[in-house]
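Chain lettering (A, B, C and D) follows the sequence in which the chains are written, and residue indices restart at 1 in each chain.
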Amino acid sequence: MMHGTENQDEQGDRSLHTPKGSASRAPGSEADAPLLRLVGIDKSFPGVHALKNVSLDVYAGEVHVILGQNGAGKSTLIKTLYGAYAADRGYIEIEGRRVAVARPADASALGIAVIFQEFSLIPYLDIAQNIFLGREAAFSRFGLVDSAAMHAAARTILDGLGLDYDTHAYAADLGVAQQQMVEIAKALSQNARVLVMDEPTAAISERESDRLFQTIARLTEKRVAIVYISHRMKEVQMLGDRITILRDGAVVTSVLRDQKSQAEMVGAMIGRPSGSQLARTPRSPGEPVLLARDVNTAKLSDISIEILAGEVVGLAGLVGSGRTEVVRALFGADPIASGEIALFGSRALATLDRRVRAGMALLPEDRKREGLALPLDVRDNATVASLWRSFTSGWFSPAKAERDTRGLIAQLGIAAHGTRQSVHTLSGGNQQKVVLAKWLAAGSRLFLLDEPTRGVDVGAKAEIYRLIDQLVDGGAGVVVISSELPELVQLCDRAYVMRDHRIVGHLAGDQLTERAILELAVHQ
Amino acid sequence: MTIPATLDIRPSSLSPDAAALLGRFVLIVLIAGALTAVDPGFASVSNLLNMLRQASLLFLVASGLTLVIIGGGLDLSVGANLTLSACLAAAAIKTTGNPWYGVAVAIGAGTLIGYANGLMINRLQLPPFLATFGMLWVAQGIAYWFMAGQTIYGMPMSFRYFGTGFFLGVPLPIWITLVVCLACSILLHRTTFGREAYFMGANQTAALLSGVPVERRRLLLYVLSGLTAGIASLVYLARLNAAEPGIGEPLLLPAIAAVLVGGTSLFGGNGNIGGTALGAILLTIIVNGLNLLNVAATWHPFVNGAVVLVAIIADLVISRRRSGSG
Amino acid sequence: MRTTRSIRCVLAAVICGTLFNSAVRADGEVIAAFTKNQVDPHFEGVRAGVAQMAEKMRATVKYYTPTKPNNITEGMSQLEDVGVTKPNLMLFMPIDAKAQLPTIKRLIESGLPIINYNDRGGDAPYLSFVGQDDYKLGYDIAKTLFDHLGGKGNVVILEGVKGSTTGDERKRGFDAAAKDYPNIKVLASQPANFQRLLGMQTMENLIQQFSTIDGVIAAADASALGAIEALNAAGRKNVAVVSINGVPEAVEAVKAGSLLAIAEFDGFKIGCVATAVGLNAIRGQSAPKQITIPGAIITKANYAPWLVPYKDRTCPTPDAYIAK
Amino acid sequence: MSVTIQLQRRSGMGQFLSAIPGAGLLLILMLVLFTIVNPRFVSQTNLMNVGLQTSLLLMLALPMTLIIMTEGLDLSAGALLGLSGVIVAEALLAGWGVLAACAATLAVSIAFGALNGVLIAYLSLPAFVVTLGTMGLMQGIALVLTNGDPVGGFTPAIETFYRSQLWFIPTPIAIAAALYAALWLLLYRTRLGNYVIAIGGNKDALRLAGIRANLVHLAVYVLGSTIIGLSAVLLIGRTNSAHPTVGIGMEFEAIAAVVLGGTSFEKGQGWLFGAVLGALAITVLRNGLNILSIDSSLQVVCIGILLILALLIDQARKQFVRRTA
């Protein structure tokens, strides 16, 4: 380690307590022209109106926080800004000049750098090479890259972030947090005028976060504009000079810091006064269908959960808090280091396929990668989990599969023109219904639904809610993971809240409110 | 309710699989027609049967390979497997005089090699390409060692019937091909195992998370590939009347070519056994045609390579157009 | 890491075991005998002859064969590698004379006595060449066939490996004989590389191409046997097939009548004589520059001696052929 | 969780040892064993033999490493080697100068490399299938040009070149070493090298960085073909003749060498020096077994076992690293 621990803590504390710099950072003095303007950006995908007439002004030297729930349109906005998506309407201005950003290269040329949530590091290039990927020319002499100079430059950038990583280490050998920091270093190295950070602290530790905040402070002093996306209210309060809240693809409000309280902002994100509740009919659950006690895995600590038949249990928490890992562990997809899982009153069977046959079902977060075989048709996808059940002899009858699939299509209202349509041509909502159909056919009694309505349009959403109700009425146990708090609150009878890979709270009945979840889930 | 992203405006049109099969069939008929025009002798029953018999040997090696490739794997050891199985079977027949021992040995050895492949891939998590590549060397080496430079020849007539005999006027290898083709087809389309194999090939993670016991299914796929290599070794042995340690190796790449020309993608999850049969026939008929046109044998590799390239590019163009329109 | 360690232990055990098994037994001179592949039984005959004579003369033999049949680069590597072990005598047959000649010359210069056998190995100071007259074998067997056909008819030729002396010389013999018979028409001459499968496939193709074939000349037994399978399968029973070599399987075919005749190219005899000449030479006797073993025509009338398994045959001595 | 994690260093002795692939360990083991059993194994002549034999395999294995690092494969390498040799030989026989003959080969190699590259990089067709097809094309052309016969009798300059020495180093070894050095520089000291690694690792990220990833991908195949085409000169120097089928199967040997060396088919994980280790391991195995007069059939089995063992060792090593990280 290069720095004394005490010293670092001190610096960290200072940055927390005095996050603001001098008066030179007084942002957005309305006399200045904005450095970057997004004007009337509109973007639709099949079935989803992702951005609705979004306008945004970003001033040099300010931190502009964009707040919004998952699915509010933040990521689409960034991708449009970076030229990864083309906007249907609207345009981008830099220093008052209208610019065309058709490709990521254009954005780079204009001084816009983005730190994406999905990492774009090359596994077997080292840190320095990753930082300067595509910009090696600066270190080239006679066609050869001056490795020493490049590593020295990388060293400088890392030192600026207070990171003592070896610049020769491969990206593949880095942990998630380290990769995130390298992504940040990579963006910083571009000397960008506008730096977009998409939840940069989601995966990194507090100390690294503090370093990042110091860096942000230094950058803003140099008149760099930061567009900062985060869920963490504390960061928002501490960093944000201007805060724009997005909801359902539209700008709800854009305010200066201190103009709104935390409660007001949460309210604006949710879309109605915090604390309001939709009517929830109380259910009367039955026997436990799943009981997990002190489950530990490589990524989880001491998970204890109980799910009863006939109830919907939410699993809340920020992205990266370990929600998905919990359902994967329960499902048998990830190995368990210690702890016990009981399924339908007996010890859980060892392998995933046996758990499926016992009646467990998983609707994965990434349905395209983990839930569906995209090139195959609706019938293949809808029947795959129930083959063992519908065709106990092992003989497959296309006619019966056809009948079953037609039944499922009708039952779920899947908009496909036939059972043989390949699923990659279906819309997101219909794809999701196909995954559900797969488990309905399998006669599952315990459903683990990971973000069941992500990327799904409003109509399909309602149908999925209705279906969950039906399942529960039929005596199934349902676990729902969702980043959309209203959804959780509306759907669930009770909820476990996660933070840092462990369960930090359990809310039931009247306690189960969006505010209560947020308070437990965010870093305090 | 949302409208699906694509609306196929030809609800009665052929499924892509059927269209691909039909396309290849039409191509074969066209080539056959052209060859008959050049030389009427081509269309004679004896020549057609002879050609089908040649194709049947290629098909048998390629059939199990097709299953493995559909399931998202690859088996480079089929040729070496065939060699070793044939050598062991020949030895068994020579020492016992009973062809059925040979059948048992060939099928046993073939299956065992397939099983070993499956185990290596499942348990040791070696990539299929490398595991079966290693197995290729091992099986080939054992065959050399076992044969020690000799040839085992002179199979009893009762056994040779598998390779040279006729049943209802049709050579037995063609019957065996029909049986294997039918069996594979039933396996793929009429058993749950087959449906799971397609699903595994298309998306292994999704298969696993849908409760498909992927490792067991994969093991079975490699065992089946070994089994068909064993069956093919019997037909080869009966046809050639002798076992040499060099018979299988030259078959590997043509077998893979037959699978690919048949429209099965190396990425897994699509294709079918009928395509492989047509692929084998297509490759054979082209060689046959070249001979008929008096084209020197030195051109054969060139033409085979060109056929493979044309086939994959044609499939690409067709699938792009399909998804482009949708 | 335990897995790794156990793997290493197993590997060490395997390699040690193999080495121990084959550790050099210093017993008389060491002969390095080369053959071209492990597939063709002709070379098994060669190795059997070498083995028998070496045992009789109390020498030890090491055999070298490329792992891939007739692979020239592997053959060259083996030649280089064996040079290092300094055997007392090398019996060498080229896979490709032109390619291997420079290496052979260097080995001879380094003082290694080399006997060239089976195929001619080009112009190098070998102790001796022991082989047969491939041209004459080709000419004789073609003549046998043409006489059988009454001097007229359509024949096809299945050549050997192009570029090999045996293959090219035999082909020259076939062509010379064909020239002597004006009414014999050579329909086609295609390579079958001394192989069975290629012989069968080439024949199948030729059958489709030509409606009447009266005779087939194969440069080796294996190709002929493959061709016979193809002819039988096509129902062409009345085609006379001849070949060169005389491996037991082919002799049985002569006995059964499916093969008309074979020109004897006797690996066993070549192996015996080459070994004897070589050992005699390094033990101080002078070696004749060349020993050509005459090849008989094996027919239904005289096949019996060639049906005896190699291990039961008796090695001829070089004297039997030097006297000529 | 600790904030600073001891990162793996790419330099340093400890890292070097843990980075030795299975092939390296097996190589050391073989060297020791063979030397104990037959000391002639380490004689100068034999080491020279090993060097010469390895150098030819390396001419294929080194470019193959780059191709495999892009998650590709080149089954046509052996066929191209044969074809290039034939073209050089035929051109020389037709009275062309050595340089003109090389230029002809170069043109053909580049054309085929570009064909492979376009189909693989731009059309995203699987490399295995594409190169299987072009392999047929190349083999066919070589056979048609020569009618299947070996071509010999061209200028002895080629053989003299192969047998010549630079100082005390045989020219082929020097050339292989130079090629290694050049590719090492390319891969580890130039921009292009980073992009090659990036194609296998994350082609989309490379595109996002504003690089024409497809062009780089294409360049890898063209470069590989060029090297293979030119190395045919060494091969026909060695055999003093050009055999149209000489290279058949050599692509698999080269792939085996690369994989033995610890280059993986995934994510651009590769190591150029690994190809040297892998090629050495294969050559030493064959050479050692020859010197110990082990039966050829067992040699074949040994190569298979060596391959699987090396993969297993690498797997175990990776798991070990992951556990300690």
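As a convention for this text, contacts are C-beta pairs under 8 Å (C-beta built on N, C-alpha and C of every residue); 3 or more make two chains touch, one makes a residue touch a chain.
Bear in mind the structure is a predicted one, so any value in this text is a computation, not a measurement.
Participant: Could you compare the number of C-beta pairs in contact for A-D with that for B-D and name the larger?
Facilitator: Taking the two pairs in turn, the one with more contacts turns out to be B-D.
Participant: Between chain A and chain D, tell me the centre distance in angstrom, where each centre is the average of that chain's C-alpha atoms.
Facilitator: Here chain A and chain D have centroids separated by 43 Å.
Participant: Hey, how far is the Cα centre of chain C from the one of chain D, in Å?
Facilitator: Result: the chain centres lie 34 Å from each other.
Participant: Which whole number of Å gives the spacing of the CA centres of chain A and chain C?
Facilitator: For chain A versus chain C, the centre distance works out to 72 Å.
Participant: Touching at least two other chains at once: which residues of chain D meet that condition?
Facilitator: Expected reply: 147-148, 295-300, 303, 305, 312.
Participant: Mind pulling the chain B residues that touch 2 or more other chains?
Facilitator: 141, 144, 148, 245, 297
Participant: Which chain A residues touch at least two other chains?
Facilitator: Counting only residues that touch two or more other chains, chain A contributes none.
Participant: Can you list every touching chain pair?
Facilitator: A-B, A-D, B-C, B-D, C-D
Participant: Quick one: in the complex, what on chain D touches chain A?
Facilitator: Residue positions touching the partner: 1, 3-5, 7-11, 185, 188-191, 194, 197-198, 200-202, 204-211, 267-270, 325.
Participant: Taking the complex as given, what residues does chain C use to touch chain B?
Facilitator: For this pair, the touching residues of chain C are 35, 37-39, 41, 43-44, 47, 65, 67, 69, 190-191, 195-197, 200-202, 204-209, 211, 222, 225-226, 229, 232-235, 247, 249, 252.
Participant: Which chain A residues qualify as touching chain B in the complex?
Facilitator: The touching residues are 46-47, 331, 333, 351-353, 355-357, 362, 364, 369-376, 380-381, 383-385, 387-388, 391, 394-398, 413, 415-418, 420-421, 425-427, 429-430, 438, 442, 457, 459-460.
Participant: Please give the residue numbers of chain C that touch chain D in the complex, ascending.
Facilitator: 1, 3-4, 7-8, 11-12, 14-16, 18-19, 22-24, 32, 38, 62-68, 71-74, 76-78, 80-86, 96, 98-99, 101-102, 162-163, 191
Participant: Which residues of chain B touch chain A once you look at their complex with the stated criterion?
Facilitator: Within the complex, chain B touches chain A at residues 1-8, 11, 15, 189-196, 198-199, 202-203, 205-213, 269-270, 326.
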